[in-house]
């Protein structure tokens, strides 16, 4: 709040709750939350480590029968070898980046398209809005995973990026819907009226006035979309759909499970990819919690006070 | 709520169903390969030199109406559908798709609906408590760890549970819905057996969704906590429990009802992976094997079923919500 | 800015606005404004106050004057041309000549930008000055005119300014465009009493020194009493009274106007509130 | 504040607040938003508390009710209700006293009612809890009638009421247990002038009928002139002047009070004041507030924070 | 070949139409129950084997024990053993077959089985618009008539000395001809009648068991103590009183089921050999066909080359491809430690066929299909003008590419994912730019039919005892699965000639050698692996399972063969 101003800031509707300790709207937003840092660490460090590790571990270690199959973790193979003689650690090292790539592409595509559609439909209303609302309402009624199984099966050999885009196809309407509802309130904000009074074009209002205000919200959607895409992609891979020509954690997990790693007690085959995935999901979760709190300061308050 | 609104809403439901049916129909029919060729190839692959191969394919295509122009097939399909006829399974001819769905549905609903409702109740309560100011810190910490399960896709949770309880400790079955040998010892033993089989798949769903509902309830609760009516309730000198239940939970729970309805809708489709992992004989398994065998009518039937439940749950919600929430008069946006 | 002097700058004729319901929601249509007329001439700057209870259609009238809302019937013209038919060039001129100050100074700023942003946009979109330096000077002048320090204000974020300061910045922004009319929808209802005076004074000065007319929308009769030249009282969309501001308040003719005046508390403990207030809105 | 204790000893004060300070975290440290405020409320009187937005009026009211929530903190002070220090009371005892002895008409009546409970049930709630018996429908109808609401109101939900009706419901609820003290935080500021007048009159009427002591918070000097017996003026968290309403209006001591009075336009005065003078007065007032003078007698029952 | 193996029978006099229920009341305990792991859960409720080819109830369970075949093929002995029939005779021109049936067979409801049933069933097949199961009968048979209650005469459309072996017996995978009770079917539409109504005792066969319960997870059969063969003294009553077909689920659950002895027999392809070995560590009662080694699948794994696509229309390049592949690694992949099961040819190496290959070993010396020889491959590529650039053979700036179509793991199982990777890996190492195109079964099948591939992994089902069927795969006979579109007139002529000889004819060996010389030279298909499949059997409750040492029949869970196993199972001495 203002430091040396002449007038105390008038609160338009200084509510009871505000007096009682609930945040005032315009607090500086905090990006440096421990949750965010921990989340990003969980999420990004395996990626960075795996990229670095590529310098030490050759891709040939991920080939079938590179080593004796099913050897327990040892000094030679920190995570043992799998049923087809691949070094499990090497497989993880080479799977991490593509897994990421897929999740990020899916999340990004869904978020970008969804955000654009959401802004346009929310700002203009009219036919664009009817279309976006219609699509997202329909999508909400469609079981995406079931449809994705169908699409993935019908499409046959999808590439990793192809799979990501198909997933995005199902996620953008929901992003659009959420962004739209934000825009609906934003567009009524007086600063939009002021922009119109300043003779600005719709396009420039959408990009320069609305979009910056949606950054945290869209970031939160993006994180959610990544996590959702990852969950769906791994799910598809677990039932054997999706690309098999690129190493991914989902594929590694599916390999292990369908080859009977559980019953044969080969925990080092399935547990590391599963654990790494869990780590990713937790990381994304923490990030999304943190971003949520930034977008919605009330959550932070509630999280802290005792 | 006006009748007009209700009618529009119901019409919209049918639009959703129709769009999905159409999309699915063309998706499936324009894909390479068809179930008949598949059948014949399988037979050839199993060593029958089928001298009558091409004719057989033609005959079966005729029998399933696959020889007609696509548009005509589509019209026929929609007509049949309107009469509640989902047709026959290609790979299990002459079993009707409705029979297949009817056999599988009780398992799916039994397992998932129970798990979902249970997690909703527990999740909402815990989520509410978690945001509540006077919840002790240690309890809050405990709850946060439950909430973490929301982050992890339930199939990974299922995997861990499966490994620990079925493979390592071997105290629960690894899959299926019942002991195939049957149980002796009367109905109680049978119920126990069914319960044992449902426990792990159910638990993985409950864990994941409890966290999920907690998360939703928590943020709902947080915004309710910031609202003036709670402060007034406190000023009124009401006891803590009463404020929590009648003022906080009761306002916060309404949006949770929406979430539950949406997820109840997804129950049927959400079951797919659990059923595959636990070989549970529900709709998800039917779908996956039908996709495998390109059994169009079954795929369409199952997905339609899923759409109807999902969109249907939303429809029911929209129609009933104004009765639940006094603030809503017309519709949601 | 070539003004055809025979035409009023802004003219509303028998404007009626009916709001209809949304797609899924069936509400009764609301007639927000009925047969509303108003003329503002460029040569005779005036402050026209628009008063009335909540929901009486004041804002609707303001929105129509700004061209943001299309009237259901009647016409609204800018220098003789209906707003809807303005070509690109005249439309920009209309934008420049008819400006607005909004009620809520808090949300009038995009929170992600510094205060400078609103001026930058104006400078970029209208030909305010030939050179950047000139533009800078013009901006500084406008800010100084409303009694603020340009150096401090421009680089601040909106949340670092008080409500009164923000409202004055908004007025400065409007002034920068050298408009002929400023539509001010409840410009002081959200600022504290002691700041109100300063802002209203700016308005009065602008009328006097820059020849800017104001459409001053307010529910507060006392301020209208002090600054307005003309007063229109709206009641359920209808103009129930219009005339010289002081004359109307001193001698109201319409029952509603009288009640409105009676309800205004007198800042004197010895003067009791007029007794019988029939309430129909509570 | 030595003299405050003396006055409370006179026994006419039903509520006496002394040395109250409340702070909120700001920047690195804490910002005191209510700074050493003390006043007393006498039986049956209506005490106005005025000041600009953010001057700490609501915070003062909330701390009287013990409703300051973390991260806000009451740093010091005592709140004696009939001689009992509410701040020293434990949770359960404080809870019992709330509403039965001191009730609240909240600032945001629009959002202060539970949106999913019928209005009648919300009133019945306090009766049930504090009197440990079911509230009869008749009693609730009577309460509603006493604030001028029709009987059917009890069965409505808050969103079905207009702003004025909601405010009345709040007043009805606040008098349900016939408390000694009622705190009304800007009870009319969100309302239209005509409605405002009606609600304000209801409030005054109820107060006089029940003989309640009321703290009425507001920023509108004119309204205070119409309602209050005594007026306290707050600025920047400090109580700068307090005294009988007439003497405040006729002979304001503190420049800040004068500023507030000047800022009120009146239909009775033909002349408008120059803003420049206001500015000068403002600077003077703020400097004086910053000096943190204690309240000193400036007239009969009239004190101001001046040297 | 089969002759007149007239097993003398004692006709059971009783049973004038009423069949007593299989057991009196008491539930069979675990020790009296045989639990079989089926690989698919039964979904449809269909007892009529002719309406559907793949319904799990029929193809994976029912027909093995409820229905009976006229003849059972024994892969081990190479003989076609009569069961409901007593024998057959071909006319000299191989155009007419006369079948002789037993006179003491009864349907489960006590009605005698006779030529009427056989004629009815076959006539219905001939009339059917599209009988899935017995489509070949429609193509092969002109007419059928009963000569007497125990004699049937079938007129064939063309000379076909293998008709009985391949169409009237339990030949491969699915039985082709199953006689159905005419008295039940009368008045029903043969093509749509489900033949399923447990209350009415349907489905009904002549076999030792009746279906009593079908649930989502299991099909239960109860022994019929009145079984004709026992009453006739033709066979002993099988020991298990109750048989339960279950779906053991994925590999992991199957292994767990075997470890805990919940399963007595794991069924087909579940689990893997590795799974078997892991399970046996915890349950030593588990056995496999031959020690650790599984039973060879009748359909070896091979790479079909599209011989119409450049440059793979060149046989020399196909040999270069063969030399590029390390088949030993595929043996490891199919988890057969220490036991090389690389495929020398595309014949499954059952005793008769193995002997034939061995007899012509010189052929394989000339055409060493097993040799992994990258140098030789390089020589061939170079001789064709290819240069190795960046590790890839290139000619005229074009890299040597191979569109490789194969199964995704979802199609058939994880091992196929690995197989795909391994092929990719090996071929890339050999300098071939592989374009991997994995697909589900359907896509692969469609691709196969259209020939949209350079190479495709597939199964070479065909012969099990006599070599003709596999050799015939690569001819241009109608209805053939010659997806590689390879064409060689001389080869076709030799195989056609062989087709006219009765199995066992000494001239067959000679024709084999001539045909194989051409085939190996041209190598239209690259053999990869014999695919040993563990057919895990559990001796905890039941003994006398078929194993290599005790090979009374093949352990296959298909081809109705389990009927031949169940009558020989014995309760384990120390079971329970």
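The chains carry the letters A, B, C, D and E, assigned in the order they are written, with residues numbered from 1 in each.
Here is the rule we go by: a residue touches a chain if its C-beta (ideal position, glycine included) is under 8 Å from a C-beta of that chain, and two chains touch if they have at least 3 such contacts.
Nothing here was measured: the structure is a model prediction, and the numbers come from that model.
Novice: Smallest number of touch links from chain D to reach chain E?
Specialist: Minimum number of steps from chain D to chain E: 2.
Novice: Out of every possible chain pairing, name the one holding the most C-beta contact pairs.
Specialist: B-E
Novice: Please tell me the distance, in whole Å, between the geometric centres of chain A and chain C computed from their C-alpha atoms.
Specialist: 46
Novice: Nearest whole angstrom, what separates the Cα centre of chain A from the Cα centre of chain B?
Specialist: Once rounded, the distance between the two centres reads 23 Å.
Novice: Round to the nearest whole Å and give the separation of the Cα centres of chain A and chain D.
Specialist: Distance between chain centres, rounded to whole Å: 49 Å.
Novice: Going by the contact rule already set, what residues in chain A reach two or more other chains?
Specialist: 1, 6-10, 15-17, 20, 22, 153, 156, 239, 257, 262-263, 265, 301, 305-306
Novice: Where in chain D do residues touch at least two different other chains?
Specialist: 52-53, 67, 69, 106-108, 111-112, 282
Novice: Taking each residue of chain C in turn, which ones touch at least two of the other chains?
Specialist: Expected reply: 163, 192, 194.
Novice: Chain C touches which residues of chain D in the complex?
Specialist: Those in contact with chain C are residues 52-53, 148, 162, 164-165, 168, 192-201, 219-223, 225-226, 245-246, 249, 259-268, 272-275, 278-279, 282.
Novice: Quick one: which bits of chain A touch chain B in the complex? Just the residue numbers, please.
Specialist: It comes out as residues 15-17, 20, 22, 137-138, 140-147, 149-151, 153-156, 181, 227, 231, 234-235, 238-239, 257, 262-263, 265, 267, 270, 274, 277-278, 281-282, 284-286, 292, 296, 298-299, 301-302, 305-306.
Novice: Please give the residue numbers of chain C that touch chain D in the complex, ascending.
Specialist: For this pair, the touching residues of chain C are 53-54, 163, 192-194, 196-198, 200-201, 219-223, 225-227, 249, 259-273, 277, 279, 281-282.
Novice: Which stretch or stretches of chain B touch chain E in the complex?
Specialist: Residues 32-33, 35, 37-39, 41-53, 56, 59-60, 63, 89, 91-95, 99-100, 103-104, 107, 166-167, 170, 174-178, 180-182, 184, 279, 281, 285-286, 289, 292-294.
Novice: Spell out the residues on chain E that touch chain A in their complex, using ranges where they run on.
Specialist: Residues in contact with chain A: 250-256, 259, 271-272, 274-275, 278-279, 329, 332-333, 408-411, 413-415, 417-418, 420-422, 424-425, 436-440, 443.
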